[in-house]
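Each of the next two complexes has subunit A plus one more chain, namely subunit B in the first and subunit C in the second.
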Partner chain A sequence: MKKVALMHADDRPYGAWKYVLLLLLISSVVLIPYGWLVLQSFTNPEGFFTLENWTFMTQETMIRHGVSLPVATKPMLNSLKFATLMALCVVPVTVCAAYPLSRTDFIGRKLLARLLIIMDAFPQVALLTSFIILLSKMHLTNKLIGVIFLKVAMYLPGSIWLMKGFFDHINWDIEWAAIVDGASRFKTFLRVIVPAAKPGIAVILVNSFLSGWGEYILISIFMRGNATTMSNFISSMLDAEDGKYLVPAGILAAACIAYIVPVIIIFIFAQKTLLEVRQGGSKQ
Partner chain B sequence: MKHSSKGIDKSVMSDRRALLRKQAFPYAMMAPFLILTFIFVVIPIGMMIYYSFTDMDFMMKPKFVGLANYKRIFAYPAIGKILQQTLIYVGVNVVFSVLGSIFIVIITTYYLDIVYQRKNLGLLFRIIWLIPDLTPTIVFMFIWRFVFGPSEYGLINKFLIFLHLEPIDFFTRNSMALLLLSTCLRSASGSIILFSSAVSQAPEHVIQAAKVDGASPLKICFKIVLPYLKWPITQKTLWTILGSFCAYESIKLLTEGGPMGSTTTYAYYIYENAFKYQNYGYGSALSVFLVAMSITLGLIMLRVFQVDKQMRKPRMDI
Partner chain C sequence: MSEPMIRLENVGKSYDGGKTFAVRNINLEIEKGDFVALLGPSGCGKSTTLMMLCGLYRPTEGSIYFNGRYVNNVMPKDRKIGMVFQSYALYPNMSIFENIAFPLRQMHMKKAEIIEKVQHVAEIVKITEYLKRMPAQLSGGQQQRVAMCRALVKDPDILLLDEPMSNLDARLKLEIRDEIKKLQERIGVTSIIVTHDQEEAMAISSHIAVIDQGVLQQYAPPDELYRHPKNLFVASFIGNPPMNFIDGTLSCSGGVYECVTEGGVLKIPGEKVDSSLLTGNHVVLGIRPHNFDLVGGPEDALTLHTDYIEHLGKENLYRCYMGDAKLRVITPISVDHPVSEALYVCPDYDFVSVFDKETGNIITK
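This part shows the complex of A and B:
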């Protein structure tokens, strides 16, 4: 019996190694750069193993004479705050707006769907000038909340369209049953539909969190100071004029890794969610 | 008589009220979205169009200048070069990222998962190829500084010195190639999941039957599996065209448009004018063209994605 089981386990065709080798070769374009980054973060300029590069987590890092970056926990917490607020704004607004698009009939429904696609395709860079003027008129410059509003507004059309797709796949019958039982439309939505759409909501939650966590350009435009968030912290290790490193390369590498680690942790916990089809695609 | 007419009136009123409620519920639910969009998208679009006719700058005292900004665009001597670089950037990015992504997905999801039944290996490589998409942009772009940078930390130049060769300054000599390599990798990474789930929808029994009939794996791949990718490829191609037209963050992080403007694309030129030179009026005029292009692409998407068909009337009418 054991032999049969063993035979069965080996039933798969041979020759996969060729493809694995080919894939390893192609994937080296990704693996080697990342490996090099990790290696850099643990070596000193002479090429020996060291943990010195990681001191930016516990003490201030000097970038110029008399100018130093704060301890990295502050930008880390700020990034966390930014990403959390972003997700907390995106998720309820998306879920509430996607539900009527999927489940109710109203005047202007088709028009709104079309506008949603066109707005999703709208380039952020084209509105940059207006954003600069708008935020300064609203006295929101240099405040994280202003940047979050901009980012959320640009992010919503895509996520609403995605969420609408998730709602479309939920069975009508449960909703029907709840309404026949006398529940109002909103109550049905809250008690029946939202729980049924949990996997979809998780996708929106994780994606919007990661998008907020990695945000760089809007923060760099609208926030002054060199440690607002982690991306700002890393970019201030570079000279804005000529792109030269202001800190030893090892420290920059270590900061980059510190910025990725939370993403990896989220990936491990939300693997299934992240591997779901992301329809609509993402803009760069 | 009077009585009954009053009754009709009442029923009409209550009908209207019901109708109103039916209309009010969806709009109430969408209110936060509509308000946010109005303040942070619709008003900025209006501002963009208005300021494109003014000489708005950091002084914040706009003066109407008519079409001067638009004339300035066409008079700008480097605009041809910028457009040419934009087209190269978009073209190479679309072709290589989509083809590369298809190639990786065919090998991992078709060959390893389906033909050779090595599901774990396939998943492992798919996760490796997912990493660039998950990495924050700033880190992903900085990684290439560590690979191609000067010999103090640049991997390739370190290696060249190890081989007693002259180090190469990639960032001045091949900046466009560097930029293309990094953005292609990232956008290829972004389509792995979509393509992979499309390939895995190919029914296994059809593939098995074809195999029994003696079709080679390559033939099965072209005849049975690739047709499942038609739709995702269209989708991803359109999005990559749009995404690369509007990309400026990665350019800012890797090459800052240089050296000598050799990696400046149209979108990056807008960013420079808005943020670096603070020519808000001129930047707005430039933006108008980018918006026109994106709306055109958006209309094409409406057609291709058959949005109206996805908006069938809800079955329930409450």
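This part shows the complex of A and C:
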């Protein structure tokens, strides 16, 4: 395993701080909105520290006269359910589909690989009409499982392609060794290849979960109601009455933070696996 | 005669329905206990041959027999072989113990027996202290030993080694080379090693099969390859520093062959040359750098001009030219010949090989 050589702080040229400053300035375009969001969620309109923006987690929030959003735990759980189910569907299908594409030669392999790339590039919205027909024929409209079905189908081509790349990088030697050692093709796949592709599988798992967590378009189109998932919940807060927003900016910011925090938690837990690039236990 | 351990009969492997050949028409017989090296430049087909022996590739032509049994269609696991891969191919998610036990587990062996066998083979290869570690925690040489263990644990009839030392540094390579050779002699397993390093092949094996462009060039013990290379390719591939090649024209007079070269006329004893193999009178003389004697004058000798001298410590290497041809002459360190003066050398005729220029084949006995 090669150690990646990093430029040590001591070896940096003098005056590098000027560029660091410049880069920080450019990055501020991204950083400032996040900072603003955090500040906003903990301040009241008078500019003092407060926790009352977070009440949407425990009580209903009024968005129009007579219309309120439910307690946020429900959309939170729904988002969690949506994202988890999505990841659980995507990972096994992706792994099982990508392996033969990477390792075996069969009729139509090249065509299939090309189709994957094209399908990955299709814009979701262009397929909406067919989605509507499909879901209504399957009696899955206004059901979370129906949207998950669509979302997984849309997500698979890209993830299979990505996973194929991970499999391509696994040394053939280790697969051959397992076959010579007497393992069947399936056992080789399960005991040797899948463990070796673990970081890649983790990437697919986390990415598909986050894609499900962030889904908005399909949910807002196929699900009725204001608070099915968190994305939906937040967009409902932007509902205006007579050109006036009833939900204060502080609450909106707090809801956004609540939507972001689980993502950060996932990254903290997954980063070790995601950063791990291990290859066959060999020096190459 | 009894059936050899491994027999290859006209074995070939082609791709694209016979358009490109990786290997063609290989005939080999390997006796039990032999240590055979498949030697050749990269892309010559030696690895393909090994893959066919282990059963991962199926030959498109010919037949392979293990102990008289036709094995073309036998799965790798049923061939009683152990294999060591270039990258060692250890399973990164399993401990060293589990790596070595993997082949036994596939045979559904009893737990106690597995532990006993792994312990036994680990002791032979001296890696008992690492059994609990993971592959990533071991150095290259240690990983190599583990790979040997895994290949040997099921008592294979044949041990296959695919460039097992190419990932090790020079010093470790020598050490592991000795160990593999000793181990092979001790357990007597018929072994085949693929390598592109002629020195490694010479050092480790009892027989060498030199392969070039998918064709077996010569199959002989190392000393025979060195002393009597069958053709120009083998002659140029074996030996370091490489053999010198000198173009010449051959004529026979009174039982002695006179060879006219750019640097002088050499008289080759008549009984050495098999004239029936000659197609014309153009030949190539092959003389190893060690097989020159320095003489006083240009009669019956080659006149060389020294380009520069490499002082190698145990000997001196004169880099010379003779017309357009470049030659290497090795002398004892006691010789201190000035660069500016012409160098007269006479080859030791016992060690001169003469090749037909047209066919490239040797014509000396």
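Everything below uses one rule, namely that the second predicted complex is superposed on the first by the 251 of 284 C-alpha atoms of A that agree within 3 Å, B and C clash if a C-alpha of one lies under 4 Å from a C-alpha of the other, contacts with A are read in each partner's own complex, and residues count from 1 in each chain.
Simple rule for what comes next: a residue touches a chain if its C-beta (ideal position, glycine included) is under 8 Å from a C-beta of that chain, and two chains touch if they have at least 3 such contacts.
Predicted model, so just to flag it, every value in this text is computed and none were measured.
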Which partner, subunit B or subunit C, touches more subunit A residues: B
Contact-wise, after the overlay, does A:171 reach subunit B, subunit C, both or neither (first, second, both, neither)? second
In the overlaid three-chain picture, which partner chain does A:62 touch, first (subunit B) or second (subunit C), both, or neither? neither
Please indicate which partner A:179 is in contact with in the superposed arrangement: first for subunit B, second for subunit C, both, or neither. both
Examine A:21 and indicate which partner it touches, taking first as subunit B and second as subunit C; both and neither are also allowed. neither
Determine, under the contact definition given at the top, whether A:113 touches first (subunit B), second (subunit C), both, or neither. first
What is the contact status of A:145 with respect to subunit B (first) and subunit C (second): first, second, both, or neither? neither
So, A:192: does it touch subunit B (first), subunit C (second), both, or neither? second
Dual-contact residues of subunit A, meaning touching subunit B and subunit C, are 176, 179, 278-284
Which positions of subunit C touch subunit A when the two form their complex? 54-56, 76-77, 81-83, 85-93, 102-103, 106-107, 134-136, 140, 143, 150, 167
Given the complex, residues on subunit B that touch subunit A span 22-23, 25-27, 29-30, 32-34, 36-37, 39-41, 43-45, 47-48, 51, 56, 60, 103-104, 107-108, 111-112, 115-118, 121, 125, 128-132, 134-139, 142-147, 152-153, 155, 171, 183, 185-187, 189-191, 193-194, 197, 235-236, 239, 242-250, 252-253, 256, 267, 270-271, 273-275, 280, 283-284, 287-288, 290-291, 294-295, 297-299, 301-302, 305, 307-308, 310-311, 313-318
Which subunit A residues qualify as touching subunit B in the complex? 12-13, 15-16, 19-20, 22-23, 26-27, 29-34, 36-37, 40, 45, 92-94, 96-97, 99-107, 109-110, 112-114, 117-134, 136, 149-150, 152-154, 156-157, 160, 165, 168, 172, 175-176, 179, 185-186, 189, 210, 213-214, 216-217, 221, 230-231, 234-235, 243, 245, 249, 252-253, 256, 259-260, 263, 267, 274-284
Residue numbers on subunit A that touch subunit C, as the complex places them: 1, 171, 173-174, 176-183, 187, 191-192, 195-196, 198, 278-284
